[in-house]
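There's a structure below that I have some questions on.
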Amino acid sequence: MRLHRVLLGTAIAAATLLAVPLTASAADGIYVPLLSYRTGPFAGSGAPIVNGMSDYLNMLNERDGGIGGVKIIVEECETGYDTKKGLECYEQVKAKNPVVLNPYSTGITLPLIPKAAIDKIPILSMAYGLSASADGTTFPWIFNPPATYWDGASMFIRYAGGKEGGLERLKGKKIGLVYLDAPYGKEPIPLLEALAKDYGFELKLYPVPAAEMQNQSSQWLNIRRDRPDWIYLQGFGAMNPTAIKEAAKINYPMDHLIGNWWAGNDDDARPAGDGAKGYLSLDFNQVGTNYKVIQDILKYVVDKGKSQTPKDRVGENLYNRGVLNSIIIAEGIRNAQKVSGKKQITGEDMRRGLETLNINEARLKEIGADGFAAPMKVACDDHNGHNAAYMAKWDGTKWVKGSDWIEPLKSKVRPLIESAAKDYAGANAGWPKRTEPCDKSS
Amino acid sequence: MFYREVGQYKTNYSADMSVMPLLQDRVGIGIILFIAVVIIPSFGNAFFIQAIMIPFLVFSLAAIGLNLLTGYTGLLSLGTGAFMGVGAYACYKLTTYFPGVNILIWIVASGFFSAAVGVVFGLPSLRIKGFYLAVATLAAQFFLSWCFIRQPWFYNYNASGAIEVPTRTLFGIPITGATASDTARYYVVLGVVVAMTWLASNLVHGRIGRMWMAVRDMDLAAELIGIRLLRTKLLAFAVSSFYCGVAGALLVFQWYGSAEPAVFDVNLSFFILFMVIIGGLGSLTGSYLGAALIFILPIVLRYIPPHLGIPIRPATVDHIQYMIIGALIVLFLIVEPNGLARLWQIGKQKLRVWPFPY
Amino acid sequence: MRAPGGPEVSVGDVLLSVDDVSLSFGGVKAVSNVSFDIHKGEIRAIIGPNGAGKTSMLNIINGFYHPQHGHITFKGKTRTRMQPHEAAYGGIARTFQNVALFRGMTALDNIMAGRSLKMHSNFFWQLLRHGPAMHEEVEHRHRVEEIIDFLKIQEIRRVPVGRLPYGLQKRVELGRALAMEPDLLLLDEPMAGMNLEEKEDMSRFVLDVNDHYGTTIALIEHDMGVVMDLSDRVVVLDHGIKIADGTPNEIKGNQAVIDAYLGVAH
Amino acid sequence: MHLIYQIFVDPFVQMGSAPDLLVQTLWEGLVAGVLYSLIALGFVLIFKASGVFNFAQGIMVVFAALTLVGFYEHGVPAYLALALTIAVMFGLAFAVERLMLRPLVNQPDIILFMATFGLTYFLIGFGELVFGGDPKVMIASQLGLPKGAVEFKMAGGFVSLQKIDIAAAIIASVMVAALAVFFQKTRVGRALRAVADSHKAALSVGISLEYIWVIVWFAAGLVALATGIMWGARSEVSFALEIIALKALPVLILGGFTSIPGAIIGGVIIGVGEKIGEFYWGPLLGSGIETWLAYVIALVFLLFRPQGLFGERIIERI
């Protein structure tokens, strides 16, 4: 009978697998899959993000009955931040012709970049993934607004320069980069190296191996030895709180420790508590609930119990970032409907919609996100926009605005992007030339 | 009833010593191959081929590799992931240096590099045994992953720090890179895996296989009948790593299409080890069964609730799935410590005597 | 591989001689200053009470232990440190006190494994299992089947030895040793734990091996009856010291031996 | 020539020039080492008594810490939460013995090893299901563990010892001492040693294996809890902590799978060794070497002493 059990199991397995395509027939509506990571070592940042994303889209369904009268079909696929599962999710959702995909992991984004053009599914990696993919002429299907990691690093330099009294004052200063030793963490290095040459500061690198995320004493001993004047933290998950605690341990001045926008989770600063007071993190979305869009989410979704977000965590930094991500999706869809004249749009239309994306002050007001984020504009050749961000400051219990909007050093970033894009296309023999025509921005 | 060797007399030793003496087995393999070569590509959808069959075959190959080392030679290794990594990175370096040469050649050639690395890290196996050796192989795992991350030479100094797969063709048909069709990738993987499985089964049925098993069962006695321990163990490491290396190359070039170093971390090693142990130590069939159970079962579990229309969050499914897998592993070990392969044997036995209980 | 071949030894000459060999573990002396020799074609018994150092003696002869002092001369070649597999190539085979078979393998494979050192087809033919490799397999299978017939274990060919009864395991182990076509066969208590019938079978096998294959045999055995019947010459060890050496009849009458067995004088 | 200088001279010059950093590095290494030893201790306890290579030790650390914080977050006062967690760990030990070890008794080691993988998976799923995957803040201060640091000037620089680390060191030593007493003096402890030597023998003199196994798994659970609290306090309580457990493996090779003092001393050697190596020699190799340095140290060591620092000698006879 053991045999029978095995046979039965195999039968069920086979049946289920062959049944998978059946679900592929998405009902009438715009299918927006969300790759989530509510599990695994990075769940801490994954959960709020995907909560924000789904809540906003559901809010649109509840409030306006979708976009342009078409319901949005929101479906999560759990990746656990594991590339293997991510690819499986991709294959699964691909069958249901999604209009856009948010991989939410650099590891998953990289393999999807070449696939996007083939499968005609735009990839929206909001301020993560491959910086070079901001070059629309090489990567027509990849979008990473509002800013690339390189913009982020340049904003950090700009901010530091400002505090020192002018970028030229950075000459001879030591600037440290504490980063997760993985492609994600390494992203800012090329730009910082370039800027180090231009402004004559010394760049010190402190890689933190993934396995040592919570065991960083050696890196911070090095920092204590080198005494860098400023530190940029390109960390993730459990690495950030550890780094902040270690910084506090060696009495590093918190207002000189600046995290990129993925080092701005409430869970990152909270464990260090008062020790983290004054810690700064780049940010391109505002924190808190006193924005109409967040209020609507509370009103139509959370209070109606149609969300899995605990009410007290609505308005947290990464939650709001999720919301912003969905705003971009929604605006993209709206644009797509405009340029294509169709209600039920395809991935192809969505690509055009995103390429003509232009969320200006007025538009932000309309969607109730007045001052919630900086205006952003994406163009055919520029899939990022290199938009402004600001410094969020940890006051010991929550994030507060720590600076005005900071524009990136676009003149420095852009050339690097283009050359990097060229390298990428060169390295990947047979990289397709852009054939997609450009719509003019709306 | 169905599975009778009665009347199948062997009149000479070579026939008697063939890998599959029984007609039924040969027919069975024939059917399986037919399904794999004809049915699946023509009826399986993209998801089935790209997300299930290709990974399944890749993992099976890796599992066979580890099984040759752990199952046949009795050397427990936790470095599989790294050895697969060596294969992948070797293949990447080779094809970027010599884009002209056919990628298939490089995929196979990459195996030799991981074999060499495997031999180096296999050297301690003469003095170290059991779990001590297992932990020692972790040194390989962590050192190699460190190389992939910290030494830019491995990923050609590119900005992303990951390796990307260029498009390469076979007879003008792209078989790697994004433009390669699922079917094309599938056939390449299938071809390589089937061929290497055949070679492996030849190996384990012959003198070398006997020497490996002798070392596994009682290394001292093996030495006293004239088997050189170090040589035999190193050969096992080399062949095993070769298989893992090719599997790694296939993983990146035929499945992922791009990989960051984290892909080859220690978890991959554990993953493959599960397959080998659950599938059955010292059985090639077991390697396939193990890969199927460990890799495909979670996917199935994931899709069952939506099909039954159970409103349950993906994350929760994921959690429960972990619990089920964990529980199943323990259960399997309790029910049949010798793995699925043994269950398979029992199954065949039952078929032999069917319809009678015994 | 360097197999210590040496000049061919003809019947009656000294095949192996042990000269003044001592071995000790830490403080414990297992063997001290023992010398004896084994003539080609004879059956040589090594006896003595428990802990007399008999098994250690065999372990020294086939290179598993290395004596601190003294040396071994085999086929006219003298060596102090020899690796077990060198011994095997030299033509020394061995069975063990507590059976040392490859439990996971079938009887057939166990005996085939015994022929590993006689098979030389290269790795790549092995991969293909064709040409030389297959030819070799078949040829050696013939030899192995002869041994299987000789030991009358046809019906258990394909049974994993782990499942066999003790008596049969001993027989398979003998088969594995014979498969090596040794010049010198070391048998460590081949009849231990056997009933009378099995003992008689085993004794017959030992004798047959001796005159059928002309193999020189050194055996350790406790059953005096068996020893006296089988062996041409007997060497007696006690507490690692050689106390007697001679034909069975001489040994029978030897006072020292009797004392040792009766435990007099200590 | 320059390289030789960098390898053999420069690091020592640095040590001399900034003794405060040297002391700090040694201290950090010591603390890390102590925590490695704690995890290794968990392994050793179980391996000694049941021959099981318990891969689940790492997840037990996470699980224990999560349970503790979880209770607290549900309004249970800290110390009560601690007590409850201890109870849970006992329950776990009991369940493991009943559902996993007993049915698998007399199976080969690798099978039991594999079973602990199953346990790991189960605990990951269960833990995330119950407590959620998001990281939590360890309730160190609520448990009366000290905060802040003691700093003292030294050779122009300063050395700062985190009070929590000091506490960790003290607690670890206390636990080890307690275990030592437990093993040497109590009846159960002696029984345990007997089991370690030979299961059959133990059975024959009427020692119940089940009972012993529950005890050791419970002990390992307590060790895991301590580790979880300490490490959780250093960063946060999240599933990423599980990775740290792998650090205990080289410690095991170094110390031997069956030796408690081995685990402690091995841990300290590894901890200090890797920190010093990373800090002074890491930059030469492009840093990050501490991920494997420990293993290489252990491996090289192993080639000369296959049974580890204090492990029993393996005598092969035939």
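Order as written gives the chain letters A, B, C and D; numbering starts at 1 within each chain.
In the analysis below, contacts are C-beta pairs under 8 Å (C-beta built on N, C-alpha and C of every residue); 3 or more make two chains touch, one makes a residue touch a chain.
Since the model is a prediction, treat every value here as computed from it, not as a measurement.
Trainee: Which chains contact both chain A and chain B?
Mentor: Touching chain A and chain B alike, sorted by label: D.
Trainee: Just tell me the minimum hop count from chain A to chain C, counting one hop per pair of touching chains.
Mentor: Step count on the best path from chain A to chain C: 2.
Trainee: Let me check something: if the centre of a chain is the mean of its CA atoms, which chain is farthest from chain C?
Mentor: Max centre-to-centre separation from chain C belongs to A.
Trainee: Could you give the separation in Å between the centres of chain C and chain D, each centre being the mean of its C-alpha atoms?
Mentor: 49
Trainee: Distance from the CA centroid of chain A to that of chain D, rounded to the nearest Å?
Mentor: Going by mean C-alpha positions, chain A sits 36 Å from chain D.
Trainee: As a quick test, compute the distance in whole Å between the mean CA positions of chain B and chain C.
Mentor: That gives a centre separation of 41 Å.
Trainee: For chain B and chain D, let me know how many angstrom lie between their CA-based centres, rounded off.
Mentor: 32
Trainee: Give me the residues of chain C that touch two or more other chains.
Mentor: Those would be 64, 96, 100.
Trainee: Touching two or more other chains, which residues of chain B qualify?
Mentor: Residues 142, 146, 149-150, 220-221, 315, 318-319.
Trainee: By residue number and range, which residues of chain D touch two or more other chains?
Mentor: In chain D, 128, 133, 246, 287-288, 291, 318 touch at least two other chains.
Trainee: Where on chain D does chain B make contact in their complex?
Mentor: 53, 99-100, 103-104, 107-111, 113-115, 117-126, 128-129, 133, 246, 249-250, 252-253, 257, 285-289, 291-292, 295-296, 298-299, 302-303, 306, 308, 314, 316, 318
Trainee: So in the complex, the part of chain A that touches chain D is made up of which residues?
Mentor: The contact residues of chain A facing chain D are 38-44, 46-47, 181, 205-207, 209-215, 217-218, 221-222, 224-225, 237-238, 241-242, 245, 249-251, 267, 270-271, 273.
Trainee: Which residues, counting only chain A, touch chain B once they are in their complex?
Mentor: Going by the criterion above, the answer is residues 2-3, 6-7, 12-13, 16-21, 23, 36, 38-39, 76-78, 80, 83-84, 87-88, 91-92, 94-95, 106-107, 110-111, 113-115, 117-118, 130-132, 181-183, 186-187, 190, 207, 209-211, 308, 420, 423-424, 427-430, 432.
Trainee: Provide the residue numbers of chain D that touch chain A in the complex, in ascending order.
Mentor: 18, 21, 24-25, 28, 31-32, 128, 132-135, 137-138, 149, 160, 162, 231, 234-236, 238-244, 246-247, 274-275, 278-279, 282-283, 287-288, 290-291
Trainee: For the complex, which residues does chain B have touching chain D?
Mentor: 70, 76, 124, 127-132, 135-136, 138-139, 142-143, 145-146, 149-151, 220-221, 266, 270, 273-274, 277-278, 281, 315-316, 318-330, 333-334, 337
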